[in-house]
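Just below sit the structures, each encoded as structure tokens.
In the two complexes that follow, chain A is the common piece, with chain B as its partner first and chain C second.
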Partner chain A sequence: MTNRVGVMLRDPGFWGDNAALIGLVVIGAVFSVLTPFFLTWANISDLLVSASILLVLATAQQFSIVTGGIDLSIAANLPWAAVVFGLAYNGGLGMPVSIIAAILAGTLVGVVNGLVIAKLKVNDFIATLGMLGVMNGVALIVSGGQSFAVNSHFLQGLALGSIGPIRYFYLIAILIAAGAHLLFTHTAFGTHVLATGGNRDAARNMGIPTDRMKIAVYVIDGALVGLAAILLVARTGGSDPSLQTSQLLTSIASVVLGGSSLFGGRAAVLGTVAGALVLTTLLNGFTLLQVSEYYQPMAVGIVVIAAAVLSRLQK
Partner chain B sequence: MNHRHNRPARAGALKSLLAAASASAIALFAGAPAHAATPKTRVAIIVRDFGNPYWRALRDGAVAEGKKLHIPVSVQAGATETDSIGENAKISTMANEDFTCFGVVPVNATNIITPLIPVSNKHIPIINLDSGLDPAAVKAAGLTITSFIGSDNTNAGQIAGAYMLKMLHDKGNVAILQGIPGEENGINRDNAFRSTTAGKLTVVQAEAADYERSRALTEAEAMLRVHPDLNGIFAANDEMGLGAAQAIANAGKSATIKVVSIDGVKEALESVKSGKLSGTVSQYPYAEGEMAVQACHQLAMGKSIPAHVTAPIKLITPQNAAKALKSFPRPFFTFTDPFGTP
Partner chain C sequence: MSPILEIHDLKKSFGAVEALRGAELICPAGEVTALVGDNGAGKSTLIRCITGVHPPDSGTIAFKGAPIHFASPTEARAVGIETVYQDLALVEDLTVWQNMYLNRELKRGIGPFRWLDRRRMIDETHAKLSRLLVNMPPVRAKVRRLSGGQRQSISIGRAASWGSALVIMDEPTAALGLRERGAVETLIGNLRGEGIAQLVISHDLEQVMRISDSVWVMRAGRTIAHWRTQEVDRTRIVAAIAGGEV
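Right, the complex of A and B next:
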């Protein structure tokens, strides 16, 4: 055992490539020792449910980050799509139409982001920061500044139900992450997106339509945020137009923790999943241990920086 | 932040910071208070966030009462005032532990209903604190809420309105600083202030400053420029009231423009005492926290509790601010505590 650990320690690339996964195992082991409530199926299942919305948002964020971009508008797109979903359902459009409306609402924001960035050549940070403000306002206007209940047995079933021991919530999140992983690793589209992120000029010279790739990632990003909004309404029982800044920041942190470069060209969807789970596990364990809320953001910050340092050792 | 008083957490906080690396120290933190009178009772309190002194006071009241009654009390919160998902996750995590009673302050009228369903199904009593859940959504979800303990925010808005009327002699121009759009308590305070002053005071502008002091400061500065004839500002919470009072002081108009807010946080009481803030309608989140734990205690002993408990409120003016400060965070007056152990 010590020999194997020694081998690992001597290979810095191992640490860099698997920082989030290693962190997840270590943090999980520590919490398992410290509290009997941690390593129970009920808690792990709950932890995965709690991580589900973040997993979908982090996967969405992954798409923009892969091309060297960033999507700050998530914090407003999420409540916007949730408000559209709630208004559509409460307006009597039925569940299937409302679900489509939510995804379209999210996609629409992605389209605007993509067009502004690719066609008007606005920096990703600025464009999505602008859309953050625009969509926050639009969500407040459309909802009249009010949060409202969305009562549906379907949504309640989605939030609490399961297939055997597997809750629908994280099943959806895992399927989405797996789909994104396959997209990046097994499709020409994924390769083109990665090339666009890695070296835009080289990609363009190879004949890859980089502008279209840029728009495409923001469209996928937006659609996934729309999907996350459905999960959000299911879990919180209503639509709230308030900004979701903590979800935005943790989605970025998850991607960075997972080992993706903020400069683009590298997608680590499985790392992102591990990153999102690390952040959720920290909060879950701290809650069980009754560690004061004051330390929780501090611990998250330390973990993010530590992971960024480790990822410098990437192969 | 210079005004962090009454915080027993601080000493413990420092200690744990030093010991953060040591797993055993963290384990100590996890330990529940020893020799509980009713060993079965364990109370979970979940509030919005600890950034707002109002929720910190509720926490401190609950923890203090837990110590007094020898009941372990765990207080958790989301990351921000609008962190509906974070608060939600806290509850679903705590639902898997062995808590026997939940006291919850929702972010909005529905956000914590879903994770409370498993709690309700296990017949664990749930006490809704401070901000009400949507009764229709609660009913649709099949949730049982044992009791509501909170202040009457409509009444608080009425008191603030009446005080503003008195100071302005029933006429003048006022502006309103609103809380987070859609937040129930803020809407009730706002509506009550407007209906109380309707026909006498003119509301020249109303802006949402999200309960934040710096936002309120900026908004108030703009209001002062646009409305040089402004006579008063009503802020839906103290943080915004303090921001508005600062803007007015910066403009050198403290003598002419009155600011009234709601909450009664310590800094606001000090500001009223010094005359910067004209008045605040003090609510007593500390007492709400105490009453929540008392209610859980009564339920654990098999007693029933009222379905609706109105927490005390009081108008604080320069005349009684010193008295209010002296007994802070507890009320300086007697009030009816249905749990009998004030």
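Right, the complex of A and C next:
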């Protein structure tokens, strides 16, 4: 048994496949040594809450990346769906309708992305870059360029409430990630998405409708961004139409950290979760240690590059 | 034996290029039929006409005695004609069993809650392939980790595992080393033992002599000669391919 563990640890592929998880353990260990506050349930719970929106966005990003695509429009879709949500609720449509409106708003962007990419044969990067601009403009026009407060007991409960020690916020994020994991590992749909990303010609040759798969992943991606927008409004107490570029970049970084290939075909949802947690833990630890926030993006960048180097060892 | 596939006077042009000018072919049940010829002789076009990639301009293709007109490879597959392509067969990041059951997944549960029956697919992949393959890879391994010969064997094994009546292979061993080529040839022999008709395009005449029951030679869009393999020798086949006396 110890021998098998030894073999596993000497295998460079093991380090490559689990880079994010190993990084999470190492970073966690370093911070727990440096500050006694790190490894307390209160702090871990805070950390998970601040990771929740990123977790949902990274899972959304995972869907486009697994087909060899990328979704840059997340940075604009997120504020767009948040504005739709806020306007619907403040306009008196009620919470259930507003939630549906937010998810539909996000889904709509996904549908357009998917159709432009699959039917008009536009490269994913270009198509979503275009939609980034379009939706940024639409969000600014619809909101008059102003952020506005959205006050609701339901949203406060969502942001602050818990079942026992488990906060709703990360419970939702964990359920979304678990659902995505099961989709990829335990459904025919998930397998067909992986096949489309891994070898589109082979998938098509086996009768899989690869264009429909491509559209489907962007639809799921968009719907999840709509959900993330609701969490964002709940957390910040308002809708802000400005671009969420850092959320976009960290969502891509989480997926890459997690070991999914940007060329598609591999979905490491658990790795993506670990990746998102690594990035959030870095920020959390730096805050606890009172390191200037100017150093934080630097650390995140270094971690992403280090993970990419490690992933070259992948089997 | 009665023919599984019978092609008569098949013609196909692409613009001014006459790719097929009256090709003939017969694939008897349970036999290995080899199709040989120089590059551009029309072998690939003939296969694409059979599998529904290109519709022929004229002539007949009869499968199990009935005329067929496929609009796509999916339709050909539905009646039991499987094609093994060299490069676009397997998804490297999926496991052996996932590839085996790609778009034919076994599921359990009801309604929207239909999960993959992974256990059964893993077991049956093992059962189906281990009977045929010489060098059986672990069914849970990703295809990326397998050798070229193992990949080719899985492609062929998959093609033959779905009640197929005819398996078509385009240069099944062209990219393989000596030992791996042997494993694939053994697999072809095992499939013949199962009664599956096979149509094999090959440039390797030694191989054609080893594995085939009959051999058809194409030149300039026509099938210009065919023999029972045991009644011909390599020199005559070469001469036919090169354009000498038949």
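Structure notes:
In this text, the second predicted complex is superposed on the first by the 306 of 315 C-alpha atoms of A that agree within 3 Å, B and C clash if a C-alpha of one lies under 4 Å from a C-alpha of the other, contacts with A are read in each partner's own complex, and residues count from 1 in each chain.
We take it that a residue touches a chain if its C-beta (ideal position, glycine included) is under 8 Å from a C-beta of that chain, and two chains touch if they have at least 3 such contacts.
If you're wondering where the values come from, they're calculated on a predicted model, not measured in any experiment.
For the composite obtained by superposing both complexes on chain A, the positions of chain B and chain C are free of clash and fit together.
In the superposed pair of complexes, A:260 makes contact with neither chain B nor chain C. In the superposed model, A:237 makes contact with chain B only, not with chain C. In the superposed model, A:160 lies in contact with chain B only, and not with chain C. When the shared chain is aligned, no partner comes close enough to touch A:210: not chain B, not chain C. Once the two complexes are overlaid on the shared chain, A:289 sits against chain B while remaining clear of chain C. More residues of chain A are touched by B (comparison of chain B with chain C). With chain A used for the fit, chain A forms the apex of an angle whose arms reach the C-alpha centres of chain B and chain C; rounded to a multiple of 10, it measures 150°. Closest approach of chain B to chain C, taken over C-alpha atoms in the A-based superposition, is 36 Å. Put simply, chain A uses no single residue to touch chain B in one complex and chain C in the other. Every residue of chain A that touches chain C in the complex is listed here, in rising order: 186-188, 191-192, 194-195, 197-199, 201-203, 205-208, 261, 265-266, 315.
Partner chain A is touched in their complex by these residues of chain B: 9, 12-13, 16-17, 20, 23, 26-27, 29-30, 49-50, 74, 76-80, 82-86, 88-90, 92-97, 107-115, 117-118, 134, 136-137, 140-141, 180-183, 187, 208. Against chain A, the residues of chain C that register as touching in their complex are 73-74, 77, 85, 87-94, 98, 102-103, 105, 107, 114-116, 118, 144-145.
Chain A contributes residues 30, 33-35, 37, 40, 42-43, 46-47, 49-50, 53, 140, 143, 145-151, 156, 159-160, 232, 234-238, 240-247, 280, 283-284, 287-297 to its touches with chain B in the complex.
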